[in-house]
């Protein structure tokens, strides 16, 4: 099979379907096409994954293609390809997208067509983010995926949707803009005058930027991406937004889109701006510890299930930032693993939280209880999701966290200790939530609700996407080498030892 | 001859400033409009003076256009003012502030 | 002689312009405007722009001021509702006036141009009617055409804004 | 006959090559023909006149695109040096015609709600468009001034066109006074430049010769003041702070198509002229022009965005957001002093701005009621549910205006910002970025009003519905709006059509 | 089959069974239980073949490679692992079989047996682990299986709370464990157990005491040592066979197993490491024994007893190495390891036996667990009574039963190394005899104290066979000879008192056993209530308070400190970060917006001033003022 245009196809398929829906396709066909729109990228992602090892590579990227969009004179072209860092995320995006899509298709959302259309646009953008070699398009696809989120939160959101959508929009736009300036600065300051990552890498390897420039650009990227990834204390949009977002949007955003910032730091900022990274790593470490510990405790205090998952996702991003701040190959590998795992697990939890909501009619965990008796499969999957998110071995998250912890020792034992303490915290809130929702006797409120609307177990339409995500978690959890081998090759190629200086961390 | 280009320029700028001041000061739309015309005349005067002292005739030709344009402007402007007066029964600018904020 | 005349008419122009600004009566303002135009016309003559002086008086003083007066009368606001000056706005006006005065002063002080008026030479620089004609119909032909359109739309505009149309109930 | 005169006439006949401005000539004829038709045709058949006007302009547009001639570009002697065509001006001419067509189409819809004479509207729009086309290719202050005044006077009339509405007239008056004031300042500037530069028998109102003079005499006080005053006049057209203050009032009072004309064509004309003057003619005085423009730009971006926050009237909102767009464009102009690629960026920006603006105006014209000045955000409640098509177009238009990827507006902003960054204007860039972030707030507020089912207080029994009835979308208009929206999307992904076109204009 | 294949079979059989059950057999409880038991039987057979077949090997393969970090999955199958594997296999099989009967009525049997299979898989993983990371991995997994099995009775709030508590408490221990592993990784450059041992045995190796102590944190959590012991009594909410397998015989012993695995680290580190371990074990032993006296839930008594015995083992380990003379040479034996593992082995048998016996009792009593509601069961449940009695005798150290030998070894070691510890441990032995006899008397003798007791019935064969098997092992398990030399690597480390001390130790141990047993037998008569509570309420209250105090502290921590701290941070997050800063900024911008809007006053006059300002501005620039 000719895989030359597959990457483009994986981006275009959802977008084309979205366009078709926008142009007024009847609902029946819309839904059928939507299966295609979500299925094709997932299948392509899996296929490319299977082919990755055998595929010829150039400059560390496989499946490279480039298309001119008319901006070549500005150093911009749609250049696609996958390397060991982007491959896992690309596959993850495909899988989570499929799960979110399936969940959305079966949900009885009002104005389903519009909902699917926006979700498809998001999916197209997500595939594009991780398939782009050109950093302009990398950014572009991110925004493409981001915008539907706002709209979906605003229209289909829950409590406080209007405020949440607005806040998300402002925040994320600010973050995106900061990072955009950073990217433009890279483009302008680099001798290559191009947005092509490979060219940039070569050019900057030959003639690195001065320390001051690196520090400034890295600062921009760090805070810009930091907002997008909810770095403490710039995180407040996240729980609010996720609390309000409809499930599929939350799945895609928290699961996949949010990884954009980390991915950008790993793929762009760290290799190109090693001095800047060294300069900022101390501050990043402190903020990330804030993510882990402060937000960890804040998560414990949550009563709203979705908000809790939102906060927990913010907290876990702290690990990822720590991994980046460690400035080591090990840490970066850990972050990539963590991103994949977190994407799958948080998507699973968001999905299931909505399923819980459908049965209890509330997100308030203190008004639930005993759901496991009525919905054992839901309970089992939710426990699995929780266990994944608190880093149980056998599920993907464990590897990422473990590897990051190992890398952290290089910063300081104290940081490591704080980070590992986060594992206790996440166990506390995760298990407390599970116990409150599923175990024990039903609360009065829930008993009343259950009388009115009989509680059934997970339907197949909910089960399949959940199983899909869980399968991903288990696959990576049991066999991390599926990704780690290629990941390792890329990391060691991209981060030559000389490029990562000894960290100048203040915490020592 | 002591009166040179500078004196004409001074006069012209003074007229211009007076016109501007009138626009600032007056509340009656019609008078404001007259003051605007005064500013145009100030420019015209400077133009003619420059033209004379520079010895190029283009300035004088330009005055033709300015006068024509000014006349057209006056016609349109007065039509607007009259139409507005019919609606609002006033030409005082401070009373014509329905569009704000 | 010429100097005296200049200063005389310059003073007249300035005073009448000031009168336009400061007189409360709109009719008086229009008349002062008329005087100011006429004296400007005289200055034009002193600058050898006879045709322009003539046009100025004819078009401006004759047509425009007449139009103004006519409208003032039509709207019947002579001596119209006069309001006491507000403190705030009068302070603002005073400041603005001072600033403008400073502007004119600095303009005069800095903007010295040393130039003697060249003699009128037949052919190359002249204020003959013929020269205007030739210029207007050769070099400036395009602007003339444009001005034609300008006048046309101005006319149409006045019609649209003023004509009584059937079914337009606005004219009471 | 005087042999000199004969010579002059024959020279003029040689130089006045009307073919170079054929589109303008045709437009003028078209405008006249409309009047003729009005007289000739019986009343009931006059409905076709607007259609005739639109098709006539489309023919002109098609002619300009398909029989494009670049052989006049750079010819300094056209019309005795009055006209000088450049690739930029060629682009702007086409731009104005497109805008004019769209304005005419909006005019058909908007005027249908009013009982006003209709033909004159199209006539004036076409004449104004012609004037703008001449303005951007003028190479001489006389033509410049005359074209500018034609444009301005035409707009006075158009703004106050709906005279049944006192607000329209008030807007007209405000535009009239501020416009005349700015014209007077501009004229004084021109006069000063003419006077300073005209000593040596050169035609100092010709841009080329003026530039030569300025280059030879840097730091001349009167010339500086002249330059500054001319820039004041241009800034008024662009809508730069502090010459922007009239914008919301006038935009609100004018009928929607005219608001579009002001917001798109007039602003674009201002930017184009600013580019022409500041970058080429006044280039020797860039020592103070650049700081001046920088200050104005910063103030413009900040003011436009901040003032638009919390604005409830959408026409004022779009006006103030237009102010900020003027700021971004001026940013590009400043960058173009050192980065020539900024010019292409500006043109790209203008084009996507045109698309996005007309998408929004197209929706506005359908949502607006009889009282054109009263268009509140509340009127957009539930638009997406009741009229998903309009809602979608509105979202795309606003998104593009806000510069949200993947829409074309983002690419426009990006190209400008890249140029700005390359030019080293970091402080301005930061202001611009902050402005973009703030702008999301109000654009999003609009989308929110149209999409999110939160706002509308239900109308209680007996109270009249405060929201004006929405005009149904006619099929051709639907196609047009859809095409505009689609173009806004496609250009976000695939910019080659515009970049290739811009490249081909040379 | 080669050794590795056998090992893989041991490894993967339970995993396969668990997967099968989870995926397909959710509703087929019967089939699920059969598959699980079959898998466990297969596992046991293969495991015993491995252990006794002389297979000793080490294999390893890299599992995850990131940067220069490699995590391997490997098997280090030495005598220690073989012993542990044999225990796990035998007890596991017994419990599986027992569960067939015990859980027969349970609706969620499939989940239960799936959980057991997962547990077997994870436990085998710990046993096999050849490096600390791998051990940690399975360490977490046994925690998870423990969590699900404690939580088996979903509808019981206490079960959920207990499961949660177990998991979180273990996590606290794991915090130190993981930190220790990472430290070890960075300090020694390896986490492979063999390499660690080599490294530590290397000349002049100095190892920071922090490493072994942090690693010990893991054992503190998993083996429920002070101060993380709180979860284990609560974990009795799970089904009784689970308590037998996980919370008595195997998982909780994994902490001791892990310590024995890393003994070289302790040996090479500062003695403080050993001392800390020793004291924690000792304190746990005495504390738990004291608590056990006042319990009246049969499983809770056994649970505290387990705690106490685990404390014994930990203390034994902490007593450290012993140098002796052998054939004229000075040899150092890891006496702590030997004693601890020996006691671990015997304890696994007799404690599993007792738990299963109590399970049988509970089953017969229709899930009544209060010993004061029982009584007179000896006749009604004879086989259970007999086997349970064997267990009791074994634990109190009745001569020539399994517990006697292992306890002797520990006491001897303590006597050699630290008299204070010896005294405490001896006193603990008294207490052990006391509370065990109390339990035994009250449950099995006298009159039935309730209807259930009167109608109690003997359990079925599937439950009795495991009891008998374990009873046999409880008798014979103390004789090293029966292992046919398979575990000599471990047994050779058991300290044996030299002849001159042999008698002392023997006497002391018999004495303490007798004192405790006699007091218990005399003091406690079969009755419906606790005699200590009736007669000496002060002492009873003090002992109860001892037990309650820890729970109270933990509850106070959770509700008063942790929750309030969380609420406080949440408030700060909401108010300061989100409210004040973010909303404040938005409000500020909005205010400016309103101000800017207010500039459009609508009057032309003010607009003309703008123009004036503009003109002045450009004038200023033009004339060079700005």
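Some observations on this one:
Read from first to last, the chains carry the letters A, B, C, D and E; within each, the first residue is number 1.
Convention: a contact is a pair of C-beta atoms (placed from the backbone, for glycine too) under 8 Å apart; a residue touches a chain by one contact, two chains touch by 3 or more.
All values reported here derive from a predicted model rather than from experimental measurement.
Identification of common neighbours of chain A and chain C yields D, E. The fewest steps needed to get from chain B to chain C, moving only between touching chains, is 1.
When every chain is reduced to the mean of its CA atoms, the largest separation from chain A belongs to C.
Each of A-E and B-E has its own count of C-beta contacts, and the greater count is at A-E. Among the remaining chains, the Cα-based centre furthest from that of chain E is the centre of C. Chain C and chain E have CA centres that are 101 Å apart. Measuring from the averaged C-alpha position of chain C to that of chain D gives a distance of 30 Å. In whole angstrom, the spacing between the mean C-alpha positions of chain A and chain D is 42. Annotation: 26 Å between the Cα-based centres of chain B and chain D. Looking at chain C, residues 92, 96, 100, 103, 107, 110-111, 113, 115, 140, 143, 147, 150, 154, 157, 161, 170 sit in touch with two or more other chains.
Residue positions 597, 600, 602, 604-605, 608-609, 612, 615, 619, 623 of chain E are each in touch with at least two other chains.
Each of residues 5, 9, 16, 19-20, 23-24, 27, 32-33, 49, 51, 53-56, 58, 61, 65, 69, 72-73, 76, 80-81, 83, 87, 96-101 in chain B touches at least two other chains. Under the stated contact rule, the graph of chain-to-chain touches falls outside the line, ring, star and complete shapes. Touching chain pairs in this entry, ordered by label, are A-D, A-E, B-C, B-D, B-E, C-D, C-E, D-E. Residues 2-3, 6-7, 10, 13-14, 17-18, 20-22, 26, 29-30, 33, 36-37, 40, 43-44, 47-49, 51-52, 55-56, 59-60, 63-64, 67-68, 71-72, 74-75, 77, 80-81, 83, 92-93, 96-97, 100-101, 103-104, 107-108, 111-118, 125-127, 131-132, 135-136, 140, 143, 147, 150-151, 154-155, 157-158, 161-162, 170-172 of chain C are the ones touching chain B in the complex. Put simply, chain E touches chain A in their complex at residues 26, 63-69, 71, 108, 111, 133, 136-138, 140-141, 144, 147-148, 151, 154-157, 159-161, 163-164, 167-168, 171-172, 174-175, 178-179, 182-183, 185-186, 562-563, 565-567, 569-570, 573, 577-578, 581-582, 586.
Taken in their complex, chain E has these residues touching chain B: 597-598, 600-605, 608-609, 612, 615. Looking at the complex, you find that chain D touches chain B at residues 141-142, 145-146, 149, 153, 156-157, 160, 163, 166-167, 169-174, 176-177, 180-181, 183-185, 187-188, 190-192, 194-195, 198-199, 201-205, 248-250, 252-253, 316, 373. Only residues 341, 384-385, 388, 392, 395, 399, 404-406, 410-411, 414-415, 417-418, 421-422, 429-430, 433, 436-437, 440-441, 444-445, 447-448, 451-454, 492-500 of chain D touch chain A when the two sit together in their complex.
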